[in-house]
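Labels for the chains are A, B, C and D, by order of writing; each one numbers its residues from 1.
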Amino acid sequence: MARIRFDNVTKYYGNVLAVDKLNLDIRDKEFVVLLGPSGCGKTTTLNMIAGLEELSEGDIWFDDEIVNFMPPHKRDVAMVFQSYALYPHKSVYENIAFGLAMRKYPKAEIDKRVRDAAARLHIDHLLDRRPNQLSGGQRQRVALGRAMVRQPAVFLMDEPLSNLDAALRVSMRAEIKELHQTMQTTFVYVTHDQAEALTLADRIVVMKDGIVQQLGAPDEIYEQPRNMFVASFLGNPPINYLEGELVASNGRMAFRRGGLTLSLNSEASAKLSGQEERKAILGIRPEDVDDRNEPVEGGAIHGHVNFVMPIGSDQFLNMKLEGEELFFRVGKETRHRNGEEVTLAANLDRLHLFDPETEKSLLWD
Amino acid sequence: MTRLLPARLADALARRFNYDTRSAMLFIAPVMTVLAVVAVFPIAYSLYLSFFKLKLTRPHRVPFVWFDNYIDLLGDGLFWSSVGRTVYFSVISVTAIAVLAMLIALLLNETFRGRRILSAILLIPWAIPTVANGLMWKWIYDSGYGALNGLLLQLGWIDKYLIWLGDPDKTIPLIANAFVWKEVPLATILILVTMKSIPADLYRAAKVDGANVMQRFVHITLPSLKPGFALVAIYETMMAIRHFDLFFILTEGGPGEASHVSAWHVYAETFRNLSFGTGSALAYMMAIVTFVLAYFIIRTLGRRI
Amino acid sequence: MSTKPAGYRYRERPRLPDLAYKLAIFAASVVLLTYVLAPFAWLVSSSFQTEAEIVSVPPHWIPHEPTLENFEAIFFYDQEEVTYESRSKADPASGGYIPSTAKSLLPAMWNSFKVAIAVVILNLLVGVPAAYAMAKIRFKGRNASVYTILTTRVIPDIALVVPFFLVIKNLGLLDSLWALILTYLAITVPFTVFILVGYFESLPDDLDKAARIDGCSRFQTLTRVFLPLAVPSLVAVILFTFLTSWNEFLLALMFTQTQAAQTLPIIVASFTSDFTISFSFINAAGVVAVIPPVIVAIMFERYIVSGLTAGAVKG
Amino acid sequence: MKYGRVRKFARREFLKYSAAAATVGAISQGFGGAARAAGDPVNFYAWSAAVDQVKSHVAAFEASTGIKVAYSNNPWAQYREAAITKFVGNAPLDMLWVSDSWLPEWAEAGWIKPVDDFDFLMKYNSDAETFCTDSMTYKGQQYGLTYYTDFMGFMCDEVTLNNAGIGKKPETWDEVTEQALKIKAKGTSEYPVMLALAQESWLIEFMAAMVYSNGGSFTDGNGNALMHHKDDGAVKALQWIVDAVHKHKIVSPGSVETGELTGLKAFASGNHAFALLPKYRMRMLNDPAQSQIAGRCKQILMPRGSGPKGSHATVGWMRFHGMTSYARADKQRAENAARLIEWFGGKADGEYKFQKILFTDIGAGFGVKPLFKDPEVRATYSSYTDINVIEQQQGLARKKDVVTPWFGEWMETNGAAWQKAVLQQSSVEDALKASAEKWDELKKENS
């Protein structure tokens, strides 16, 4: 049972601002991912939940208690570290059991939990080993197990997968997801990997320079980025940007840059009506086009293919248009080749527009 | 529950004395208590003395003279030459100690039969009481019937007995040698301990990358030893700068003024001349220099220690 | 980060440099051993010689007429009160050159031992928590405390002798072992803290965090996680403090007067009176004095080698 | 609730502290107390010489007077430092050994007090050598009774001399040079003359012996430096040493690192033909157990320096039993301390027991004339030396004319100066000028 509330939480290191006026309400049993580049304050935030970092201002609430000054060992939280932080002098068994032992659980209970966890993580054959006799993947599982057995009110993970190789990482994601299902407790998960965030999270908190950029469900974050940072931080290859201006063309608002004109869908143009001549940046995700070779009303993107990158399922086009290089993803029906001219149809419902100054989205707030 | 303190104040207090700070204070309290009881007064007291023209043979004339003692010293030629000798002594000693200690540590870091016995043996010089050590060397160096002359002669490296401590050019190096001989074991332990904290994976990785032993030494061992060297540098510098016993036992500052180092100067001022004021002043100058050195070493080599 | 199975080792073909290295190691060890052992060997050899023999030119590396008189004087003596009849006329200029303080050597050694042990234990009790706090807890005045501790050790002892004496006198500890225990604690603990801070800092912070999240108070974190890992540095501290106490002369000289409190170095020094000096005897004393520390060293040495930290973090 | 926790903690910590502090205090008190709680004896502090002789004599004292004595000693080498520290710290000391060199210094500092108001001590002066009484007297007051006294003697290894065909022992320093050169030529000894010139407490005695026999002195009647005057014995003496080392090579350049004890051993091992050493060393030098020249070692009168002033004079010194101001502060303590001083420095059970056993056991010279008549003493003396030479030379022993409150400080400079001259880092004249200047400077500073 744990709902975590940040109430105007600010954290300074010396006079360096790490987290600025953070307001965040994590629901019980929710899986929240803190996403952002390194130094964005996500780990600090996690540590403040754990009690490992002292907050400079504001309050953190666990349910209806302020825990600002409650030391970690008094909080019912468990944590998985990027470095695993296993106790080198303890066996795997002792490592996993330690947290329970410290909380004076009866021997039998400890043993049961440890063995269950070990079985679940397929490390039951390693229980007598010392950490330095384990592979990285195994250590990672031990670290997970150590946190699992605690069955804590809050389950914290600090980039737990970033030291694993690609294959392992993907499979572990699934396990963590499943873990959350079964454990029925609040998860807070820190990562800089947008894919992880999108797959795991109920809600994602995108942070930058200690400030929350956007908070919402994965799809929302992905499809309605509030600003250019969020837009470009999620999605791979990243969203394309084109600077241009808003114009009115046959009763609708449209984005124009040189020869390229993309007219906005009804709600967007309604929102922006009367803002002709306004400078704007167009954001369009690589996958939001579609190549058929007949022109589309108000959605035609015509350009010159620099090169083609097939990726099996589909192909990427690196295109030159209006002096910018853009990336698009298209199906494999028509084979494109380097140097040819193509026309793609933009998915007009999925265009993003941003203010060049504030970088804020013109469409969603 | 009822708050006895006004909320804001209580909150401020809680922030100031949070759990970590409290435990830290609790953990540091014992050391600080010990130092407060034993160490603080002497330090303050000798600072206090350093501001008086205190000459014990004139108990009734003890004027407060501000920094005169310090100024007088700065004007004293013997003071400066003694500083020079101290620097000379400290530099050669600390360097020798660091190098030897590292070599021995490397040796003990290998695994071979009899390593444990060897490491116990290598501790022996450390275990000989300073006085015995001093007298031992005094008598080894003796130019009349000392073992050093005897040995060198039998090896045919010299054709007649030489003067050792009696030769002003040799005095300080010889004393340094006696000092180094006794100090090396501690330095070795410190470096060895640091060596042991280097994760083996590092070496394995390096080997995989095909680094040969020399490269491994230069690129892994040496850098990882920095904290160890920091400890050794700090401790041995302190010890060398203040070292007194061997000078007292071996030469009493002689021959001439060949071994009249700063520590000896302090002694002479304090106990020979009974001018405690000057002695304390000099001690304080040495203290400041030592502190600056240590600070510098910590900043460059150590993490924080 | 590798995922190789546990216990996997890359095949290590000895390359030429490595062989050269081994040779160098061997050569070095021989040289170093001679440097360290030669003087001590001479110390031992001469302790079996008579005072008349050790002054012979050239020196007798092997005693020509080995004698045990020095050691006998140390180990076998009668404790009865000294009267005109029982007084040893051997002091100092006649007979076997045995200083009559010889019989005080063993009691003094026992004193030294008691002091050393006490200083070691107190150092650990007092130094370990402080070092942990300074290494792993972020609190105001952390650096300040480090440098405060440093400050207490930069003043030459010779200048502190008199003030120290005043302190001890006012604590009413003159001529008691506590005088030595207390002062030695004060002069060793700063460096104890330095050694430990250095080592604790080399241990990953995440271990600290993990432990606290696992439910350890700061104190438990220290005892359950850091102490076991710090063993090598603890050994260093033990040896350092033991031997410093074992060696210390100046303060012991000032604070002690009677056999109740006099330590080994004082007695050894007392073998040089204004009438005589007995090198052979002092050397014998030196040899005896070495034994306890070396035993201590052998007891603890193995733990230095136990490098546990490997595998604490990452792969 | 969180605030509650803060206060609770604070209190608990505080309690912990005070408890700890209390226990520590208690324990230390316990120990310290135990150490001091041994009644209130006379605290007798000495350097670790003649320990058994002292202990036995103390035992006898306690037996006969019932006054308890707490005897403690420190190594000679650090005795002065330790004593000073104890004085400054006002440690409980009642009676202690004092070297004549320290008397003015310690008296000025107010650490030791005169005893001449104790008639039962003063009565011994009639028996005492005037030299000793003088040496114990500062500013007209006497500070104790003799522990032992001795003087620098000139010794030679007869056999080495004979082998070199030298029948007649040297009369003057010049003859010493000649004979030494002969012996050196013979190759029997590389450095026939042994001088111990290391910086240690003995240095002043060696210097003074050289200076006096060269008919000089360090200071004049009213205590002004004389040592640097061209025609003074000091210049001659130092010049002789420098020549001996560098011109004639009959004294080892290593002499600047040779202390009295090492010099003694070197001489005892037969490395030299002549040696300047404390008289009481004769006993050891002629003891087969420790000396390879046993039976060959003869003491002769100090060689005479060239010129009219030259004489056989030598330097004498003495150590005495003094009384601290700590003891003086309390009538009863003073009384007991005085009794102990008498027991050691005067007669115990009607005889000069301590000085006698000191002589018979160790050979250290006594400061009371009657003992010369003592048959046992004469017998002992004759067993290893010519008692007539002894008496004659002792008659020629003069006290150090540099013993002043600033002696220690001056000696730092003076010792270095002489050594520099011997090392040829400075000329004889400059060396003595330096030490003379230091002397006058200190004298002014202290007047």
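In this section, contacts are C-beta pairs under 8 Å (C-beta built on N, C-alpha and C of every residue); 3 or more make two chains touch, one makes a residue touch a chain.
Please read all numbers here as calculations on a predicted model, not as lab measurements.
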Chain at the geometric heart of the assembly (C-alpha centres): B
Chain located farthest away, centre of subunit A as origin (C-alpha): D
Contact-richer chain pair [B-C vs B-D]: B-C
Computed distance of Cα centres, subunit C from subunit B, in Å: 15
Centroid distance [mean C-alpha coordinates] between subunit D and subunit C, Å: 35
Subunit A and subunit D: spacing of chain centres that average the CA atoms, whole Å: 88
For subunit B, residues that touch 2 or more chains besides their own: 14, 19-20, 25-26, 30, 139, 144-145, 271
Where subunit D touches two or more other chains, by residue: 1-2, 6, 77, 81, 88, 265-266, 269, 271
Residues of subunit C touching at least two other chains: 55-57, 162, 166, 171, 182, 217-218, 269, 272, 277, 309-312, 314-315
Sites on subunit B touched by subunit C in the complex: 19-21, 23-28, 30-32, 34-35, 37-43, 45-46, 100, 103-104, 106-107, 110, 116, 118-133, 135-137, 139-140, 144-145, 147, 150-151, 153-154, 181, 184, 186, 189-190, 192-194, 196-201, 204, 207-208, 212-214, 227-228, 230-231, 234-235, 238, 241-242, 244-245, 262-263, 266-267, 270-271, 276, 279-280, 282-284, 286-288, 290-291, 294-295, 302-305
Complex contacts: residues of subunit C adjacent to subunit D: 51-52, 55-57, 81-89, 91-97, 99-101, 161-162, 165-166, 169, 171-179, 182, 253-254, 257-258, 260-261, 266, 269-277
Touch list for subunit C against partner subunit B, complex: 9-10, 12, 15, 17-18, 20-21, 25, 28-29, 32-33, 35-37, 39-40, 42-43, 54-59, 125-127, 129-130, 132-135, 137-140, 142-143, 145-160, 162-164, 166-167, 171, 182-183, 185-187, 189-191, 193-195, 197-199, 201-202, 217-219, 222, 232-233, 235-236, 239-240, 243, 246-250, 264-265, 268-269, 272, 277, 279, 282-283, 285-286, 289-290, 292-294, 297-298, 301-302, 304-307, 309-312, 314-315
Subunit D - residues contacting subunit C, complex: 27-29, 31-36, 45, 47-53, 55-57, 59-60, 70, 72-78, 81-82, 85-86, 88-91, 201, 261, 265-266, 268-269, 271, 280-281, 283-284, 287, 289-292, 357, 360-364
Of subunit A, residues touching subunit C in the complex: 47, 50-52, 71-73, 77-79, 81-89, 98-99, 102-103, 129-139, 146, 150, 156, 163-165, 168
